[in-house]
Amino acid sequence: MSDAPYLSLEKLTLAYGDTVAVADLDLGIRKGELIALLGPSGCGKTTTMRAIAGLLPVKSGHVRLDGADITRVPANKRAVGLVFQSYALFPHLSVYENVAFGLKLKGMRGTELDAKVQAGIKSVGLSSFANRKPAELSGGQQQRVALARSMVMEPKVLLLDEPLSNLDARLRLEMRTELQRVQKETGVTMIFVTHDQAEALALADRIVVMKGGAIEQIGSPEDIYSRPVSSFVADFVGFENIFPLEQGRLKTSGGLIELPGQAPSAAGLAWRPRMVTLGSGPFRGTVRGTSFAGDSREYLLDTPFGPIKAEVEASQPAHALGADLSFDLPAEKAAPLARFA
Amino acid sequence: MTARSLFIPLTLLLVLAFLIGPFLIIVAASFSAGETLNFPPQGFSLRWILKVFTVESFRASFGMSLFLAIGGTAAALVLGIPASYALSRYKLPGAEIVRTVVSAPIIVPGIIVGLALLRYIVVPFQVGITAALFLAHTALVLPYAVRVVSASLDNLRSDIEEAAVLLGSSRLGAFFRVVMPNIRGGILSAFILGFVTSFNQVPVSLFLSGPGVRTLPIDMIAYMEIVFDPSVAALSSLLAFLSIGIVFAAERFLGFSRYV
Amino acid sequence: MFQNRAEALALALPAALFAAAVFLVPVVILLSDGFRGSDGGWTISAYTDFFSNSLNRTVFLRTLKLGALVTVASAVIGYAAAFAIVSLEPGMKGRMTGLVVLPLMISPVARTYAWIVILGRTGIVNEAFQFLGLTEAPLRVLFSETAIFIGLLQLFLPLMIISLISALENMPKDAIPAARVLGANWFQVFWKVVLPLTKEGLVIGGTLVFTGSLTAYITPAILGGSKVLMLETLLYQQVSVSNNFVSASVIAFILIVMSFAANILLKRVATARNKQRAAQ
């Protein structure tokens, strides 16, 4: 793994007609990396992928791949693979013919073609389905065909747009491992789009969080999970108690509140429900709601901070609705946010 | 039996008798042995059925109608398939205008289309009769071609073209490799619908037909104004069975009604 | 959705230009002819001339009258037939619908021609009437408004029936039993429940039947003969017999205005229904 970016997007601006969907995006990806693109609906994930693939013309900026500027290279000459959310299998062709499609266009014929196609189909465990049409396959199987069809082309970059979102929870887990295995075996550079932070955390080498057509944060799963740079990212990865700081004090709906201890120098602080201390501490709150989640219990508290979400081990004694509890928001546990909103 | 349980079969019987009865009478009359068109037919013979094939003008006009129906529909598809593709896959400036212009010939009565074409295209530009009929039938079938092909394109996900392109195909190649095979049923259905429409069409061809060059239905009208024998009945039955057969086969093998 | 405009235009323009050249431009010129005076200026004198002729007025009113009568008759028969068909079990329903649609595939010339056999001087109706002693001399049914009416009704009834079948099938299943439970008699059920709920189907079918009847050529030509004219046959006569192109242009304009009006109504209803569906 070299440090020079293998795929780089430079000041990339993408638009549909006059509406700009992605503005001035900069991103460098190393060879063999597995990148997750995470962000809310409409933030420009698909748009970015389509531009990398060459399906959407670039308004301004550059796309470089493997040392070459491919900004104006047509989609069929880029060696970029894309697995669609809908799989986009060719309905009139069998699994075998779907996988063979691109290889044939490359001019591959005869035993070489056959060997490659068979290997591709085998690698996703569909050898016994080679003669079926896509309509005769389950969602997960179609997904595998789509993956095999892209992989046999040995693309320089493989893009996957919400590859797992159409699958049920169990299949999703299965395919997740499958994706990881394929990526490790082939070492292909991979970017996948997801809505699901758990998926991104589990799979990716690095996560790119997007917001409103721009990158909000790039970092390792640990970075994103524990050190969100902004309230937006914090909110997205499950920090539920997020406050701005003003002159070292927490700005809440109940006014400015001073935290005990050292005043951190950040734009805001964020706590996961797990980080809230319940049953001791300088503040008091009333239980407004509780929900049981198997191994833990969540409380919604009415406090001088406004509503606070806390989560404790289910083995601890339960508190009733209306109970008055003391709690703490320990500053040393909080994630400091460099940017608010 | 209650009044209600009688109502259903009785209604159906009367309505079907009204809708299909006349056709059955025509079929029966075409097997008549008599000289004039009559029902009940006098005797049974195949003479009128056989006569149809010997009438020179029928042969010529049948050939003309066949040529117009096949050629006109093919031409309409050649124009209509790309247009449908543009309408369903592209952000086309003025898409609504294109759609309206292309489908307008369906709304305007055929006789007016024929007359306008005659006066402002055929006469000033010295267009031959056959060519004029060909233009008219193409314009007539175009709306059906666009409607049916658009419907089957809209039923086909557009990302398969992108997938094909990403696998190395050109845009045009993608159309022929992955779009065409998947809308074949729609195209064939459009062809059959266009064929039947063109073949049965009268008003458009009225003014455009000329000496010796006629479509079959117009020839039949002209014939029955002069001769009142069962040969037109025989011809009608033959044609009806032909088009019912085609449509039935199309429904069987293509699921025709899904597209129309 | 591809973005390339040049490509899109290259694909769409041949068809659009063809339709414009072969159809749109000539028709527009033809229509504008009716508004040209002998001095070349714009005038509606052709229209006042046209309507001042009593034969033309008769033909115009007859066309409207027959169109309306055929539409009403097809609605009445259509409801009965559609009711009967939707109350059948699925397999039978499919077969009956097929039989109703079947005539649409047969050449209108053949379908109209059959009525000559039935209604003609020596046709079935006359033979039967004479046999039963109902009439002495053969009745003249052919070449009359009645013949045209029967021919048009037979030609377009299937369109009404299939529109109403789909309207009835889309009706909420419990609407009729619910109304019955609330004490409505069958007449009230139809008037207060079925009609409002199938209005769109009725309008769609009605538009198809009405415009079809207005613009039919073969039926009035064969069953009306040269005496009982409708607008289309009058237009044909004006051109082929009288060489009167101005009058032809006037008739063409009237026909187009009427069928466009009907089609706009149809589109309105269709969009209203789609919006309603989307809202649900």
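Think of it as A, B and C in the order they're written, each chain with its own count starting at 1.
Everything that follows uses one rule, which is that a residue touches a chain if its C-beta (ideal position, glycine included) is under 8 Å from a C-beta of that chain, and two chains touch if they have at least 3 such contacts.
Which chain is which protein? Per UniProt: A = Putative spermidine/putrescine transport system ATP-binding protein; B, C = Putative spermidine/putrescine transport system permease protein.
Quantities reported herein were computed from a predicted structural model and do not represent experimental measurements.
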Checklist entry - Which one of the chains is farthest from subunit C, going by Cα centres? => result A
Next on the checklist: Can you identify the chain nearest the overall CA centroid, using each chain's own CA centroid?
Outcome noted: B
Checklist outcome for this item: subunit B to subunit C, mean C-alpha position gap in Å, rounds to 18
Checklist outcome for this item: Taking each chain's mean CA coordinate, subunit A and subunit B are separated, in whole Å, by 54
Checklist outcome for this item: So, in whole Å, the Cα centroid of subunit A is separated from that of subunit C by 59
Checklist outcome for this item: Two or more other chains are touched by the subunit C residues 3
Item to check | Multi-chain contact residues (two or more partners), subunit B | outcome: 91
Checklist entry - Given the complex with subunit B, which residues does subunit C contribute to the contact? => result 1-5, 7-9, 11-12, 14-16, 18-27, 29-30, 77, 80-81, 83-85, 87-88, 96, 99-100, 102-103, 105-111, 113-118, 120, 122-124, 154, 157-158, 161, 214-215, 217-218, 221-222, 232, 235-236, 239-240, 245, 248, 252, 255-256, 259-260, 263
Checklist entry - In their shared complex, at which residues does subunit B touch subunit C? => result 7-9, 11-12, 15-16, 18-20, 22-23, 25-26, 29, 36-39, 79-80, 82-83, 85-87, 89-93, 95, 97-98, 101-102, 104-105, 107-113, 115-117, 119-121, 135-136, 138-139, 142, 146, 158, 171, 196, 199-200, 202-203, 206-207, 217, 220-221, 224, 232-233, 236-237, 239-240, 243-244, 247
Checklist entry - Which positions of subunit B touch subunit A when the two form their complex? => result 91, 156-157, 159-160, 162-170, 173, 177-178, 181-182
Item to check | Interfacial residue positions of subunit A with respect to subunit B in the complex | outcome: 17, 53-55, 75-78, 80-82, 84, 86, 88-92, 101-102, 105-106, 149-150, 153
